[in-house]
Amino acid sequence: MDSIIMIEKEWPELNAPILVEGLPGVGNVGKLAAEHLVEQLKATKFADIYSKFFPPQVLVDDNGIIRLVCNELYYVKRNGEAPDLVVLIGDYQGLTPEGQYELSYHMLQVSKRLGVKRIYTLGGYGIGRMVENPRVLGAATDATLVNEMKEKGVVFSKGEPGSGIVGASGLLLGLGKSQGFEAVCLMGETSGYFVDPKGAEGVLKVLSNILKVEVDYSALRDKAEQIDALASKIKEIEAPQEPRKEDLGYIG
Amino acid sequence: MDSIIMIEKEWPELNAPILVEGLPGVGNVGKLAAEHLVEQLKATKFADIYSKFFPPQVLVDDNGIIRLVCNELYYVKRNGEAPDLVVLIGDYQGLTPEGQYELSYHMLQVSKRLGVKRIYTLGGYGIGRMVENPRVLGAATDATLVNEMKEKGVVFSKGEPGSGIVGASGLLLGLGKSQGFEAVCLMGETSGYFVDPKGAEGVLKVLSNILKVEVDYSALRDKAEQIDALASKIKEIEAPQEPRKEDLGYIG
Amino acid sequence: MDSIIMIEKEWPELNAPILVEGLPGVGNVGKLAAEHLVEQLKATKFADIYSKFFPPQVLVDDNGIIRLVCNELYYVKRNGEAPDLVVLIGDYQGLTPEGQYELSYHMLQVSKRLGVKRIYTLGGYGIGRMVENPRVLGAATDATLVNEMKEKGVVFSKGEPGSGIVGASGLLLGLGKSQGFEAVCLMGETSGYFVDPKGAEGVLKVLSNILKVEVDYSALRDKAEQIDALASKIKEIEAPQEPRKEDLGYIG
Amino acid sequence: MDSIIMIEKEWPELNAPILVEGLPGVGNVGKLAAEHLVEQLKATKFADIYSKFFPPQVLVDDNGIIRLVCNELYYVKRNGEAPDLVVLIGDYQGLTPEGQYELSYHMLQVSKRLGVKRIYTLGGYGIGRMVENPRVLGAATDATLVNEMKEKGVVFSKGEPGSGIVGASGLLLGLGKSQGFEAVCLMGETSGYFVDPKGAEGVLKVLSNILKVEVDYSALRDKAEQIDALASKIKEIEAPQEPRKEDLGYIG
């Protein structure tokens, strides 16, 4: 069995396409953002990627039909001179370092075939505490890109992220750089404790401005409210219970 | 050394055979069910599958003779138009994700050679509590199969199993689907705390009805009684001991 | 780099050689026994086996000279019709299941080249408590061998070892059986808590009787005494201290 | 994707070059020493080594530019008959035993192409307590080298290091020995609790004397002072707090 199997439903002819990657990671920020983009832009799926670097698992939908865990490629054709888009989303990243390298390398090969020159990878930047207004931090393959991103409101902050970027969002830049891709990682601040649609909205706002696409955020905001409600509930349960008055009658 | 080695004792000519898989897993439900089927139908072993994805282990029988851990293939020839059967049982599943994918992929290659079109995988669905009348849940590769199974009493329940199906019982469906197999996973409810012959009986009753084979369940029921007795004993030991009366003489 | 590299110092012409394996394992029983055999018979080393399945480690001798961890092959030529011997000892077994399979498979290939027909693997059988007179349990590839071993005092006990035999001592039998080798595993009972020269002596006594070699056990017995002394010391430290008399002056 | 990818910026013609290796390890002694050597000798980088045996990670510099984690090769050309130098430094060692073996094997292949005959590997020797004047221990591929090193002040101490040498500093000797390299490992004593520039200075003093290079240690000493200050602070925090006098007013 090949380590990576790509099944193409069609092979789109695209105009100077830009790749956007959003796979599971810290707070699932990148995954939520990229999936929301796919829904908002009514992107068309054109390929499934299966791999023995993913877990040996099938998912079951509401009708009882299974599908093997995978990564998926979508495209969006746009009018005029606007570059077309390719979006990579999926159930998992590679389980091992080797798997991570092989899958990112494979994706860059596919990107070349599609004519991709520029890549945006989306991720979360875990800061270990709740954050009201998440910043969007950046990292890029060269200085020109850094400046371009600064103008779009991306924050480049010395020493952040201190430990670098791990996984596909990092490797597509790291491996892509030596293969001539220009690539940017956009990281939304997130506590890292919960799936974080608010961080995803932050990242997607910056990205939609860069790509010049219109995005409605109401679905992401609904999810964010649900998560907030859940977080409050958990906080309540975990908080040290203040004694209720009636318990203290003996004091006076 | 090849990663997977199949040693064929014979190669049966089979009539439209159906593959039944039952390997170790949650509550060993699938393994118990498939082994019971092999015994009841007096199936004939025709191949051993060894692999470096299995543990480096030999088992020792009551006479002191060893055998390397393996998976085994049996066949059952049936009269008239009834489709023949192939049954896959074994000591272990692959130890790593890669091993899982390679072994399931190999099994599908073998299935093609045997002329298999349909696959039933058997497993347990762990629900974390004891269950008196275990349901048999299902998942399948397409909607027609789902409907066919519903008519046979298989339960398709939205959101169950929530985390999908892991291991050979899932992969044979997931990898098989894209190779044109029609495949169903039958999952017997089980606590997941014990080896569960009762769950196995539930699964096998549904399967034997589908396959139109006669199965005597007394051996499985004997095993179930032994497990029940054991479970009661453990419960007793773990339960907080009520003080015996004679210990309390000093109270009054 | 090849996964396994064998460096041959010479290639002996041997008369119907028997392979004896003793690698690290439970109580290091097999390793101690095989190393003692090598010393007692003044066996000649003829090959080193290096592998990336071993740890990435060098050992340093008393003169500061390093050597890469490895397995080693020795031979013993014997007079007349007595079969010659090949002994496999080493620093480690393979670290992964794949490594275990590859290394045992490789050893069987080497055994064929050497003309080996029969294999004795040596190991420990951990029973979780100290044992005064360790039995030597056996397992073998066929019933004739089992009977032959019973006559030599090897114990074949139903249900022991319950979990089979893991590692090289098991795989050489399991993989060897299908390749036409006749093979026996001799397991010396051991607590499993300490390196156990007493268990090794038990195994070696049975083996030397089978092979008709003379072995002096004094070095093994010295080691056993050292271990016993160490074990007593540890027991003392761990035991709840009985109060010394002078500490109890206040009582009376 | 190849397991190891070396990207050469240039390929230097070197005069009887000596390889010096300093990768992350105990106390980062070897890494600090080799990096300091590169800075002091204004060595020229000529190759980057990427590998799927490293973590799937990019690092981000102060300007927001990423680079894939890697190992790096530098050279130093020297006047007259002094042998030229090649220095190997990097972010990581291989993550798995297989990765360790493959990367060291690759480095030896590269060393052959460069004409290297002698190798010095640098590492730390963790002793589990703070040490004022760290010794530099040695291990080597042959007795002549051991004697040569003793004359340079390297300590060869029976039974140290007891567990051998793990990782690249060991493997370059272990694999190199059988390929005809003469190689020495220099290990600076270190607590193992902190990154240890003092241990690195000790190692580098010995090495610079051997290589006849001039090294200024002020930068390493500054780092050592910073670490010492940090260590004192941590000690203070962890120490049981003596009650301050004013807290005890109620006593009397």
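Just so it is clear, A, B, C and D label the chains in written order, and each chain counts residues from 1 on its own.
The rule is simple: a contact is a pair of C-beta atoms (placed from the backbone, for glycine too) under 8 Å apart; a residue touches a chain by one contact, two chains touch by 3 or more.
Since this is a predicted model, take the numbers as computed values, not measurements.
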Task: Those chains which touch chain C and also touch chain B - done: none
- [ ] Would you kindly give the rotation angle relating chain A to chain D, two copies of one sequence, based on a CA superposition and rounded to a multiple of 5 degrees?
- [x] 90
Open item on the list: If I list every residue number at the interface of chain C and chain D, are over half of them used by both copies, so same, or under half, so different?
Closed with: different
Open item on the list: Among all chains, whose Cα centre is located farthest from the one for chain D?
Closed with: B
Task: CA centroid of chain C to CA centroid of chain D, Å - done: 37
TODO: Report the inter-chain centroid distance for chain B and chain D in whole angstrom, where each centroid is the mean of the CA atoms.
DONE: 53
Task: Where chain C touches two or more other chains at once, by residue number - done: none
- [ ] Assign the assembly's chain-to-chain touch graph to one of these shapes: line, ring, star, complete, other.
- [x] ring
Task: Pairwise chain contacts, counting only pairs that touch as defined - done: A-B, A-D, B-C, C-D
Task: Residues on chain A engaged by chain B in the complex (per definition of touch) - done: 1, 7, 50, 52-60, 62-69, 95
TODO: Name, in rising order, each residue of chain B that touches chain A in their complex.
DONE: 94, 97-98, 100-102, 104-105, 138-143, 146, 156, 158-161, 163-168, 170-171, 173-175, 177-178, 185
